[in-house]
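Each of the next two complexes has chain A plus one more chain, namely chain B in the first and chain C in the second.
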Partner chain A sequence: MDAFETFLDGGGIVEADDDMPDDYRRAVFAFIEMHANSELMGGLTERDWIPKTPGLRHKMSVLAKTQDEIGHGHLLYMVAAAMGVKTRPQMLEDLFAGKSRFHNVFHYQAVTWGDQVAIAFLVDAAALASQQAVFKNCSYGPYRRILKRIISEEGFHMRLGEDRMMRIAEGTDVQRQLFQDSIDRWFWPALQLFGPDSKPDDKLLRWHIKSERNEVLRDRWVQKFVPMLHSYGFTIPADDLFYDEATNQWDVGPIDWEPLKKTLAQGGPDSARRITEASNNWNRTAWVREALEQASATVPA
Partner chain B sequence: MTGIDLAESLDVQVHAAVRSIDDPEYPGVSIVELGLLETVDISANGRVTVGLIPTFSGCPALSMIAADVKAAVAKVVGVDAVEVHWLRAPVWTANRISGEARTALADRFTVAVQLGKSAPTCPLCGSATTEQSMFGPSRCRSVNTCSTCGETVEVMRA
Partner chain C sequence: MSAAAQPTGIEEFLLAFADDEHLMGQQHTEWIGVAPFLEEDLAFSSIGQDELGHALMLYELVLELRGVEPTDGSVDELAYFRGGEQYRSSTLVEYATTDWAEALVRHWLYDTIENLRWQLVAQSSFAPLAEVAARAQREESYHRQHARALLDPLLASQISRLRILTALDVMLPMAFASLSPPAGESEAIAEGLASGSVLDLAGPLTGAVTERFDTDVAAPETIVADRRVRSADFAPLMSRMREVFDLDHSAVW
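Right after this comes the complex of A and B.
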């Protein structure tokens, strides 16, 4: 392990077929599996909103996001499966059985269109910031290359999210109130997506899978979005929010990590329904996969 | 400068402005290199009409690309008004992607381009790739695996 860590510290990149310590393989695999699961769960939620989205323009952007998220999941499951820890069907089985993790934000229900805007704006920004920090210095080559693709598409989603946010911010009082309610519901889950402060011995940092500490990424997000939401006349649902004149920084006060812990144990407000829905969806669409397999078997090469 | 030189110069600048716009999902790769630009018409009074063709008609990035092109062309000195149209013909194919853009897609995004029926090659090692399933992220892309190095490769296709 020492020689391997020296290799990683020197900027070494690990490829799928290379020898690697089992702990490293498992840590990278678990990270990619959680990312893949999150893309799939996110894509399914996004899809639910296609018929409910107001206006053709927004509907196209929801369609775009849905196809991208599912596409990211598709790529990530392939990269994860190539690591030889679990097969793709095993990963999906574990997800539908509630045995594996996906991001906290997908354990809550999006109730209104305002929630979808808040997710596109606040949550996607948090997810993008985390992915960029992994991409910057990730020692596992196949994941790093796929992340490059994913990040450039997430950048496109950010533009769509900003477009949605501006439209609702410039809307009627009713629309603005709808969005304020959504900020109140989604601000904390989005912030908790970064996780608690990184531990000093965090393996993901030591092995150059992550490049920045959770608290650094989280703080950067706070410094960007608190003033931005204020500038559009919205409030932040944090009682202890204050601006430190000495450091020119916003501070959201103490963070309650209990909701995050619950989601990681599949005990979030919407966890059970989400997992059941994803599982039912998989079963309902079995005939499509079978039909395609048969079709591809009969098409001459 | 003669009138003809001025007109030529404006044409060059308008083309450069269109070229400065990247595909929203491939930062650094111009829409012109991807084969989206079809026509540029410049009238004597500085009215510019840009004709673009979509990779496929339901592409959700169309309004964003058109807005970017319009803003860039409007900044060119001598341009009074800009219109951007999405043309129904000709139909975009992967053959419209320039060699330069194919290299950029391969080197920077590990994305291969499918030309005709032949299997696209792996951007990492140059071996043939095989399609993994009939599912892909979108109408214009499929997901392949390299038969030699095992890389997961996204493929742009018509």
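Right after this comes the complex of A and C.
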């Protein structure tokens, strides 16, 4: 492992067919699997609202975004499967059986259109910041290359999210109240997406998967979004929020990590419904996959 | 309001196509995230975008004929806010289903008919319509390839053949009914906008279904359907589509 870590510290890039320590393989695989699962479950969170998108052209943009997100999931599952730990069907079966993880934010339900916009605005920004930090110094080559594409597409999504947020922020009282309620629901889950402070011995940092500590990324997000939401006249649902004149920084006060822990154990507010629905949908169309497998098996090579 | 204006024959003719495209695209959006595999989620979001794009272009033509500038607002007024009796969609695209076999069979039937409909206006005397047809036909060949690539193996496997044929039994009468000539069609043909009647597509459709599904089908002796009458699925569908707009009609989303 020492020689391998020296190789990584020297900027070494690991490819799928290279020898790598088993711990590294498993840790990187678990990270990519969670990313893939999150793209998929994020699509399911948004799907409740896609058919209700107000406006023909608006709906086309939202569909284009969704197509990108599912495409990211598709690519990520391929990269993960190539690591030889689990096949794509095994990853999906585990996901739908509630045995594997996906980001905390997708354990919550989007209950209004405002939530849909808040996800595109606050949550996507948090996810993008994390992905950019991984891309910057990622030692696993296949993941790094996929991230390059994901990040460039996510940049477009961010602008779409900002555009939609601004129309609401500059809109009617009904729109503004709708979005304030969504901020109240999504601010903390989005912030918690970054996770608690990184541990001193965080393996993902040591192995050059993550390039920045969780708390650094989280704080950068706070410094961007708190003033931005204030500038549109929205409030932040943090009782202890204060502006530190000495450091010119916003501080959200103590963070309650219990909600995040619950989602990691599939105990989030919408985890059970989400996983059950995904699983039911998967089972309902099992006949299609079985028939296609049978058909491909009978086709002469 | 422009959208509530009494449509001329030509506008009726275009609205029948536009409304079909709009609602078909809408139905495709319901499958995102719940299709049998990720590639199908991707395909349905892409095909849905194309169909909505065709609807958009056709609605814009209607607005131009009315002398109304096509903007997001005026298009949406036309696409979302007519009374039910003013829509001209077919039951085929209004029909709500949670059965993947029905969704796939409808996708194939609709795209097969859609392609034939575009051919009828490909040489249109109304040049903007011919341009829309040319663009749509390029996309439609991919849609049909996609549906075919799934249907062929599903019809070949005993696990799925019966499900697909059962879905065909449900969807085919609606597909034939969609060939009932829309109001304004005779005017469109007389003015050279269209080269023939959709009624004449029953023969080609019968042939295409027989070949694709390897089963005997016959076109009904008479095709009678009134596009001015909405099916039971229309009201819940439209209420879902308007849900966010209905929060505040003065808002821009």
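One rule holds in what follows: the second predicted complex is superposed on the first by the 282 of 301 C-alpha atoms of A that agree within 3 Å, B and C clash if a C-alpha of one lies under 4 Å from a C-alpha of the other, contacts with A are read in each partner's own complex, and residues count from 1 in each chain.
In this text, a contact is a pair of C-beta atoms (placed from the backbone, for glycine too) under 8 Å apart; a residue touches a chain by one contact, two chains touch by 3 or more.
The structure displayed is predicted, hence computed values, not measured ones.
More residues of chain A are touched by C (comparison of chain B with chain C). Contacts of A:Phe156 after superposition: chain B is touched, whereas chain C is not reached.
Contacts of A:Arg145 after superposition: chain B is touched, whereas chain C is not reached.
Contacts of A:Leu292 after superposition: both chain B and chain C are touched.
In the superposed model, A:Ala64 lies in contact with both chain B and chain C. In the superposition on chain A, A:Asn248 makes contact with neither chain B nor chain C. By the document's definition of touching, neither partner reaches A:Ser231: not chain B, not chain C. Contacts of A:His74 after superposition on the shared chain: both chain B and chain C are touched. Contact with chain C, but none with chain B, is seen for A:Leu44 once the two complexes are overlaid on the shared chain. By the touch criterion defined above, A:Asn283 reaches neither chain B nor chain C. Across the superposed pair, chain B and chain C both touch chain A at residues 57, 60, 63-64, 67, 70-71, 74, 292, 295-296. Across the interface of their complex, chain A is touched by residues 24-27, 58, 60-61, 63-64, 108-111, 132-138, 141, 143, 145, 149-152, 154 of chain B.
Taken together, the chain A residues at the contact with chain B in this complex read 15-17, 57, 60-61, 63-64, 67-68, 70-72, 74-75, 78-79, 82, 142, 145-146, 148-149, 152-153, 155-156, 159-160, 292, 295-296. Taken in their complex, chain A has these residues touching chain C: 40, 43-44, 46-47, 50-60, 63-64, 66-67, 70-71, 73-74, 77, 113, 164, 167-168, 171-172, 174-175, 178, 281, 284-292, 294-296, 298.
Taken together, the chain C residues at the contact with chain A in this complex read 22, 26, 29-30, 32-39, 41-42, 45-46, 48-49, 52-53, 55-56, 59, 72, 75-76, 79-80, 100, 150, 153-154, 156-157, 159-160, 163, 240-241, 243-245, 247-248, 250-253.
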